[in-house]
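You will see subunit A twice below: alongside subunit B first, and alongside subunit C after that.
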Partner chain A sequence: MSGVASASGARNAWLTGAAWRALFRDRPMIPLLFLLAILVVVSELARPGIVGPEWIGVILRAAVLLAILAGCQTLTMLTGGIDLSVGAVGSMAGFVVASFAAGAGWPTGVVVALIAAAIAGFVTGIGVGVFRVHPLIMTLGMSFVILGLANVWQLQSVVTSTGVPREFRSLGSQAYAEVVPFSLVVFVPVAALILVGLKRTGYGRLLYAIGDNPIAARLSGARSWQILVVLYVISALLAAIAGFLYSGYTNVASVTLVDSAVLPSVAAAVIGGTSILGGRGGYGGTIVGALILTVVSSLLSSLGYPEAVRQVLFGAIIVAVAAAYTRVTGET
Partner chain B sequence: MTLTSTDLLLEATGISKTYGAVVALRSASLAVRPGEVHALMGANGAGKSTLLKILTGAVRPDGGTITVRGRQRTVHSPAEARRGGIVSVYQEPALIPDLDIRSNLRLTETPIEPFRHWLNELGIEDLDLSSIARRVPLASLRIIDLARAMAIEPDVLMLDEITAALPANLTERVLAAVGRERGGDRSVIFISHRMIEIAAVCDRATVLREGRTVGVVDVTQGSEERIVELMLGQIVEDMPAAAERTSDGAKASGSTPRLTARGLSSSERLNDVSFDLQPGEVLGVVALEGQGQDELFDILAGSQRPSGGELLVDGSPVSFRHPADAIRAGLVYVAADRAEALLMQRSVRENIALPFTTRIRQWGLIDLASEGRAVDAAVAKLQIDTRAGSEVRRLSGGNQQKVTIARWVAGGVHTMLCFDPTRGIDIRTKQQIYLLLRDLAEAGAGVLLYTSELKEVQLACDRAIVIFGGRVVAEIDVAEADEPALLRAAYNLRVDAPLPEDVAGEAVAEVVAAAQGSTGAGAEGARALPVSER
Partner chain C sequence: MSAVSGTIDTERARPADALAASARRNAWNLALLGFLAILLVFTKLIQPSYGVPGVQGLAISVLPLALAAVAQAIVVLSGGIDLSIGSMMALVNVVAATQMQGRSEEFGVAVVLGVLLLGLALGAVNGTLIVLTRVPDIIVTLAMSFVWAGCALLVLPTPGGGSAKWLPELVSGSLGNEWIPKAAVGLIVVVALIWIPVRRSWLGLSLYAIGSNRLAAFRSGVSVGRTRILSYTLMGLFAALAGVSLTASTGIGTPVPGPYTLLSVAAVVLGGVSLAGGRGSVFGPILAVIILQLIRTDMTFLDINTNFATVLQGLILIGVVMIGSLVQIRASRA
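Let's look at the complex of A and B:
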């Protein structure tokens, strides 16, 4: 009956921890936004004057990339899965476009890259949905397959760093008035699709359903393999889009470019309140999670610690935030 | 009961246990003499399994005392009970599936030689101890469990439905081995739904009803009647009977049955089940635990494929590969276990609307307005309290059960399969569910209702079929389907109540005759066995 109490409990929530937890459970965005605000303040205190329009532009450009990849994780984690192949798929997509830029042109490259990503996602989906391979193993295995194939392609076509098309470079790395990144042109529609898709479509409902209780979903007539095949295709397409932006952002075309962003993307989804066990979470939290991670990362750089120390702190902060969030929202 | 406690091997008195709001045992007692095979009897949910678990230390009692050979004991764990000479063989095999048999034996420090001896006694001489447990057939696993228990020569051996998964030849060997324990200084506590077995090997029977010990009976010829009476007790009329109804609509001649099963069987538990479910009818299914009703409903709901037989929906044959096929054919399933049916972290609305979006062409944007109307109508019809509706797990058990039914009511019901839908919910909700099932039937739907509460049959059904050992052994009209008649039929005993010829027909007479014959012959045969082998 705690649920009945929670709505009214929010009114006199100032007193008890339980009431706070009830509020956070019902509105998980509140503690996340609160944490983000604290981090911004800390950044300003650490390096006075750093927080400003340009700083926001820098943060957004990096956060957009992470948020798209974390979208892959959010969608797959809702079903109780995970997608570790986003790094390989994203890198492959960016690389393919660069390799086409000089010859057939980058639009052809985009089409080829998206088709290749869709095929990879389809194979993953068949493995997970039909052959019941655990998503962790399936996507990890697929990322090696994709890396290998990308290496073969690399031997076929010689690419220099100038291969990243100019359009991608401005899309990934430039910003209107140095504040509003051009990559929002891609990100806003993508995010809107994910948000609406999860809340308002039958397919979105089914993602939550098979993650919450696969048996109940099955008994209600849902065929999980169909849902999962489509899911991993969507995830691979999102990863490819992120890969395009990454290559533009870094002006690098490499078959391992996005690999280092895989674990942060999982962390962003987890911090954003999506349960790795499935059935709980959403993309709004994930976006804030990506912002939090990006601010933390920038804060650590601005403090001037050596790379190794930054890595240790980054990892420790991810674990601490995820643990605190779990406690504060009363999730298990 | 004039024995002093020192004459008893095991005595439990005043045992009570509650799980949350559910009272499993109120005041159970059990007194076992040395050298006897003691039956523990009771209808579904009477508390047999809980008492057994308390005696072996797997569950802590809330109250009561247990004495072994006159000394009071507090048993903290099964391992401790085992050292004290109390060993139980549970309904499910207790072997670690990924280890081989020898390693499993080592885990429980079972001596190999006596184990081998008992395997031979029990009829599986050719078992390879290095085979992995999960590859050994179920019947053999049960025998291995039993042999493992007997190998350490326990003072008290408890057998919970040991014969349930066994073929006839192994059952005989097991009963013979159990029977041979009689007259020694060790005892056996024997739980079985099969009266024949009770009559064959047991000396006395303790009968539980609603968590209380209601009687101890010497097992003799004809004591089955006394046991059944005790299990029933006084039939308390704590619920107003459902409104008087005419079942004429159900028997409208010439109408095609909603559902016809012909000779349905599934490899292990179900043999040749046939019945018709008419439109406008609530057909009750009555069975003791594990008589094949689970398999029957799994087959009808599309979760399992039958190994034989035919299924017709509205007169045309169907074959289901997935629950989605069954749903499309109009068979919707209300599962027994709410944890199996509900998305516990999702809202009432999403749970009810779940079947609306399962097909690929329903994957797009949801028409929230029309979905809202359908959900609201179902919520209103079932009177679901949605105050805690943002997460179904915060609802009461009764409300959760209503959600599982509302899910199908919202889309319109053609044929509904309900597996014990009122288990563990309050009486008011039960009443609402009966009325709803009646309403659905009035509107022309067919409803198949398995229930573990026998009195529900007369509250909700038009007629009932009784399944025993994977077969339909009786068909009883609602007027005759009082608890005594159903329980006798469920134990495959002769049905006392005279049945009107026009309803029951010859089939029932045949079943009755068969049941009488087998009861007598089976009891004699099994009773003779241990003697002849001595």
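Let's look at the complex of A and C:
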């Protein structure tokens, strides 16, 4: 805790000028990249020689998974929502593909999984957009439904062998020349689509609009329910894609595989500067947030700290970063 | 406005109307109670052997979640939410189990009192961080759920520890009549001893006030920050009780948080507490927890795949909230 306290003390001294504050508010990427650089340097100092091409490959492979899931959180948080069903949807998607791999083949599995995810996202979107159910509750309820159905499916398909397809394994866990992960083939287009979509398309601006001021958005003619239905379908599809990569990364097909990544995905989006209240943030920061979390956790495990310390530090980082954002943006 | 003041006037005039008004206010709880009664009859019909052991098992199995739901209800009533209840329970559970292992029975009493104080402190930390940093409660408690779960793992890396003998005996078996399980009595006593005095004091009024309209409460002289911290502190106490009940029912400590956080949110919503705050009571969530568990039991009796129970749990949660918000949308249009 003393480390956190001294860090926040240093931040206060650093941010005395209004210019610094404005920088932090308007361009959160700069301090975030700075933090990332510090963490990389600390990693190198802690274990001299560890930072190299292979280390980068390992970090990227883990960060890509988190970044895609954090994309779901970023998009939904921009509208003032949250998506807690990404764990259930992702696990379900990975499991469905594995259960199809031996029989009908994995491409069929991918199609089935994506359709199932889209249906789940559609139902969530209807609940949030039309029935105005709080996104936290709606996605929580959907995750129960999806987990239950996935479990039923698990019992149905127990006869077929449930191995993760070889293609997924190489996509999720291998890398070109042991450095450039193959999962970037999936991640780069996805990230580009989200970044361009948020910055350059009308739909992206509408997400910011209904998150920033729903009433103003409605009076300006935005049909928020349609936007939200599409949003939660997109979020579920992203979660499914992340689920495919997770099953390949871990070579495990389980209906609870991605569950443990749900809270870190929210954390990555928060660290990246996206406000849970809606209307502020972006995907660029989220990607850096995912990288920061991955580097921290790899640093701690390389130092031999147990999982427990990592969790405590994760929590402390989230509170400290969120408090810093709240301070500079003046949001409450 | 005139309609509202009209009903208040008649309420004062005729006791029968006052009774009707009270029934209206507690309509959701009465409906839950009615549904629970129907469910119990249904259980007896499909499983004629369902009797004393069934009721006792039900009481013990709902105890941790019921206490967690009360904890969640207290913060939700005051307009907040806490996503770290499950982790707090795990931390309290392992601290209790490690401290009581191999110690005397009397020392166990001190441990239980100690971990209840620990719970108060954990809750106070959550509340203070929320008030001081002004970060949304959802984010702070999400982050703290990592911290408390990490602390639990530091205290006890793998399941283990032990419990004083009197603790499991406190919740198993029955009291007086064999139909009255000790766990149910314990739940009622704890809630009655802690929550009812709070509810009737200025603190209870302030909790509901900041939950229903924070600005109005502030302008009426309620110290909003202090009340929020107190609501989280009280939540911590109930989360600690839930953690101790885990030690009591399992006899050991488990450092990995159970699904209690999310289930407690579900129970609170099903129990008729508005997520916006200020509306509901802690009794509805307790009834909701019992109903959810009984549905699960019934599905086992009916030989339905228990995974459908999870599906049904989710569908009930979504369905109830959807109907609730539909009613609200209609009321605001009318």
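Criterion: the second predicted complex is superposed on the first by the 304 of 332 C-alpha atoms of A that agree within 3 Å, B and C clash if a C-alpha of one lies under 4 Å from a C-alpha of the other, contacts with A are read in each partner's own complex, and residues count from 1 in each chain.
Just so it is clear, a contact is a pair of C-beta atoms (placed from the backbone, for glycine too) under 8 Å apart; a residue touches a chain by one contact, two chains touch by 3 or more.
Note that the coordinates shown come from a computational prediction; the quantities given were computed from them, not determined experimentally.
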item	value
First, second, both or neither for A:136, with subunit B first and subunit C second	second
Touched partner set for A:26, first subunit B, second subunit C, both or neither	first
Subunit B versus subunit C as contact partner of A:308, first or second or both or neither	second
Which of subunit B and subunit C A:219 touches, first, second, both or neither	first
Subunit A: partner with more touched residues, subunit B or subunit C	C
Touched partner set for A:41, first subunit B, second subunit C, both or neither	neither
A:188 touches, of subunit B and subunit C: first, second, both or neither?	neither
Touching partner for A:115 - first (subunit B), second (subunit C), both, neither	neither
Partner chain in contact with A:104 - subunit B first, subunit C second, else both or neither	neither
In the complex, subunit A residues that touch subunit C	82, 84, 127, 131-134, 136-138, 140-149, 151-152, 155, 263, 266-267, 270, 276-277, 306-316, 318-319, 322-323, 325-326, 332
Touching residues on subunit B, where the partner in the complex is subunit A	301, 303, 322-324, 327-328, 333, 335, 339-346, 350, 353-360, 362-366, 368, 387-388, 390-391, 394, 407
In the complex with subunit A, residue positions of subunit C that touch it	81, 129, 133-136, 138-140, 142-147, 149-154, 157, 262, 265-266, 269, 275, 305, 307-315, 317-318, 321-322, 325-326, 329
Contact set on subunit A toward subunit B in their complex	1-4, 26, 200-203, 205-206, 208-209, 212-213, 215-223, 226, 279-280
